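First the structure, then my questions, so here it is.
We just call them A, B, C and D in the order they show up, numbering each chain from 1.
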C-alpha cells in the first residue's frame, strides 16, 4: 500500500480499518491463500526533519507488534508505504523485509522471480560497488532494486518519474535476458513501487505478456477516512485529498481503478494519476 | 497435539507433514478463521537425561523459526506436545506461550474464558504461594493451570490420571462459580492437556453443556508415519505403536475418534485410551 | 535518563554521544559491573498529536536495534526518557521493560527489591482492580508503580508534583512495612522517575537511610549539545534550555549536581529544579 | 569454544560455570572491552540421529534466552562449539551468527578483516555457484569460510585435517593478495575453528606476522568438570577425557597451553593434539 497526500495519522491506515493491510494479511480475498506474515514493513517521510524516509520492519506479525501499535497513532505523515511479505526467496529476517531504502527512495515489491538462485550472480555482476554493497539480504526483490538503482543513477541525471520509469524498463529487460539465459521459463511477477516522498511510481508487470500480473489498483484523489471500521475514499474536501495505490482494493467501492496489465502508474506531487504502458520484455 | 508412544523424530510431527500443526495454523479447516500464529510452543521428554521436560517456545511463526527447523530433525522422543496460540487473553510474548511447565508436568489449553479480567483476581486469591508465584504471564490458560495444580498438589497425593482428573473437576467447578459471581455469561472453552511423559489426560469441555466444546480427537494405538507428505496412522507393527490426541484430525481417515463432549480422554503408559464424563459444572 | 525542555531530536541523546545511555550500558563507570542490556526502553511525548506518550521497548540491545536507529534521528520531542534494564526480578521480555505507561504518565525505576517474591502477593492485595489488572509483567518495578498509582489516583485529586510526591511517600512507607513483615532485611534501592510530559519527579531513595542510594544527578537549565561526540550541557541561549536528570553524569563536567540521598528532585514546566527530603521509612 | 571428547551435557559448558563463554561475554578479561553479545550461537553433533550437526543461534543474549536455558541441560553430545559475536562487519541478525554450517562442517571465527567492503566482491568472484549461493549474510567470516570451502571441495578429495589445513592456507594467501590489491593495510585477525564432529582444526593467525594474533588455547586431554561453579580440567579417568580449545582460558590453571602465533591446532578423534605452523602470507 502506498499513500500520498493530506497528512494522516498512520494508525488510520494500519490498525483502525478492519480491511487494512494488517487484517488483509490474515485473509486476503484476491489471493489463493492467506498471506502468512513473513515480515512486515512500513516507511514514511518527515520532511520537517529531513528528506530521508524512516523505515520500521518486523519479522513478528504486525498485529502483535507492541512498538508499532504504540507508534502508529502518533505518526503523522504525507507519504506512507506498507508491505506484508509472503516469503518466496530469502529467509525471514529484518534484512529481507520491505521497504528497501536508498537515499530518499523507498521501494517495495509484490511478486517474485522463480528459481532466482540461477541468476543471482548475474544480477549482481554489473552492479557498481555502491549498489553491490548496498544489498543486505537474499531476496530477489532487493537484488532487482539494486539493479534498478544502478541504472537510475548511472547517468547522473536527476531522480524523477521519467528517469525512474526508464530505469525500471532497463531493469525489466535486463532481467528478462538473464532469465532466458538462466533457463528460467516461469514468468516473473513484478509489481513494484518506488517513492521519494514527492512522487510514486508503481509497476503492474509480468515478464510474459500472455499471463496476468498480480493486481494493482489506484484510487481517485479523494478524502481517506475510516468509517464503521472500514477505510475508504470519500469525495474530497478542498485541500484534503490523497491517493492510495494498493495491491487489493480496500473495499468493494467503485472508486478503485485497476491499473492496466503491464502498465506504470504514476502519482505526482499534485496527486495527478497517470498510467502508461511498460515498454519492456517485448 | 499430543504424541505418546514409540520414539519419534519430532520433525515427522512438525514440518514433514503438509497437514501438521504448523501448516494447519495457516488454514485450519474446522475453525472459522485461520489461526494467526500468536506464538508457538513444543514440549518433550528425554528421560535418559532426567524426568523434567524441555520446552521450546517462540512468538515468531514456527515455519520461519530457524532454530526449530534445525532442532526438529535431531530430537527423538517418546512423548511430545505442540501448541499454536491464537491469542485471546494476554499479549503475545514468550511467557504467554504454551506449553506451561511445572515440575514434570506439561500443560496446554485450546479455548478461552470470555472477560477473564473480571475474575483474574479471584482465580489467584486461593492459590498457595507456590502457584501464585509460578504464574508468569497474563493468560487465562496459565491462571487456570495454576488453580488446577493448586488442587492437584494440595493434598500431597501422587500425580496420576485419577488425581489429575479430580484436580480438573475441582478447577472447572471453581471456575464456574467465579464466572457466575463475576457476571460472565459466555461459556468458557476448556480443551486442556496435561502430561508427565508417562500418561496424558485431555479434556474436551465447555462450561455450558448445552453448547458444543471445541473439537478433540484421539487415534487408535497405531504406527504414525509420513506418507506422501501426509502424517497418518497406519496399522501397528509389534512394539511400534503410538497415540495421537489432536484438536483437528490429521487426515480424513476413519481412524480418528471424536472425544465425546465434556469428557476426559486418558492415555496411559500402555497406550490404552479411555474416556469418561467430566463431572463438573452440573 | 530524563530530558525536558527545548525540542530535541532524540538521536542526539541516544546514539550520537559516545557517553550516551546506550554506550554507558556497555561500560557504566559508576557501577560495579557493566549493564548487560536486559532490555531497553524509551518514551516521549508528541503533544501536537495528543497528550499520551509513546513508548518503544526492546529486549534486543539498543545498539543493534535497526528500527530504533532509524527512528531516533526522526523524532523530535520536548520530553524524553530512556532506560536500560539490568534484570533483577522478572524475566527478560517486553512486558518487563521500562518505561511503564499509565494514561499520560511514564515511569521508570533504577534499583530493586531483594527477595521481592516474598511480598509480591501483599503488594498486589490492596490494589484497586484498575491497577491490579494494569500489571503485565513480573518486575518489582511495575508492582511498585502500580501501588504508587493506586495511591495517586485514590483520592481523585489532580496529578501534579505535589500529589505524585505524596503517592511516592505512601508507597515507600507501605513497601517498608511489607518488607519488615516479609522478613526482607536487605534495603530496597528505589531511584524512580515519573513524568507526564510537563513535569518530572525523580526519587533518589533507599529504604535504610544508613545506606547510600544509587546515584542520581540533575543538570542546570542549559543548552544540551553534542560536541566532539560527547553530549554535554552548555550555557543556555535564550529559550533554548533543557534539564537532564540522569543516573550517571554524562561527562565529568562540573555542571552536574548530585541529588542528595533520600531526596526528591522536581523539574517543573518552567524548568525550575528543586529538591526536597523524602519523608518515608523513618 | 570447542569441546570434543566424552559425552557432556552442554549446560555444564554454557551456564553452570561462572567462567563460561556466556559469562565471559559480560566481562572478558583478556580483551580490551567486554563483548557486547551481538549474537550467540552453538553447534553440536548427535551422531545417533545422523552426521549433520545442529545449530542454535540467537541475536538475544544467551543469558536471557529461555529456550537455550531449557535446552542446555537436556542436550548431551561429544562435540560442541559455541561462539559469542562482537559485530565487526555485518548487521546483527541470525544469518550473521556463527557457527556457519556446510554439510557436516561447523565453522566459527574470532577476529575480523578491516575494511572488508573493499574486497567483498573479489572474495565472492572465484566461488563456485555452490558456495556463492551458500552465503546468507554480510560478514567477513562467512565470506572467508565460503572461500575456504571452495578450496576444500574443489579437488573432490576427502575432508580430513590435512585437506582442511591446505584449504585454510590457500584461503589465507588468497585473502592476503586481495587485501594488498584492495589497499587494506590493517592486518586481518583470523582465529578460526572448523569441525566435522570427529576432528577439530583451529587457526591462530594474523596476516602480518610482526603482529600478535588473538589468543587461543587448548587443554590437555583431561576430565572436564564444574567445581565450585568453575569449569575446569581435572586429571582424566580412563575413557572420560575431552579436549577444549578456547579463545580465553577458563581458569588460571596451568593446564592451558597457548597455541603458538600463526599456528594450527589439530585435535583428532583420539583426542591427540598437535600444532604446526601456518604456511601462508609469508
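The rule is short, and it goes like this: a contact is a pair of C-beta atoms (placed from the backbone, for glycine too) under 8 Å apart; a residue touches a chain by one contact, two chains touch by 3 or more.
Since the structure is predicted, the reported quantities are computational estimates derived from the model, not experimental observations.
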{"item": "Between the pairs A-D and A-B, the one where more C-beta pairs touch", "value": "A-B"}
{"item": "Mean-CA-position distance for chain B and chain A (Å)", "value": "41"}
{"item": "Residues within chain B bordering two or more other chains", "value": "66, 91, 94"}
{"item": "Touch-based graph of the chains, sorted into line, ring, star, complete or other", "value": "complete"}
{"item": "Chain C-facing residues of chain A, complex", "value": "9, 46, 49-50, 54-58, 66-67, 70-71, 73-74, 76, 94"}
{"item": "Chain D residues within the chain A interface of the complex", "value": "91, 93-95, 117, 120-121, 129, 132-133, 136, 138"}
{"item": "Chain C - residues contacting chain D, complex", "value": "26-27, 33-34, 36-38, 59-61, 63-64, 66, 87, 91-92"}
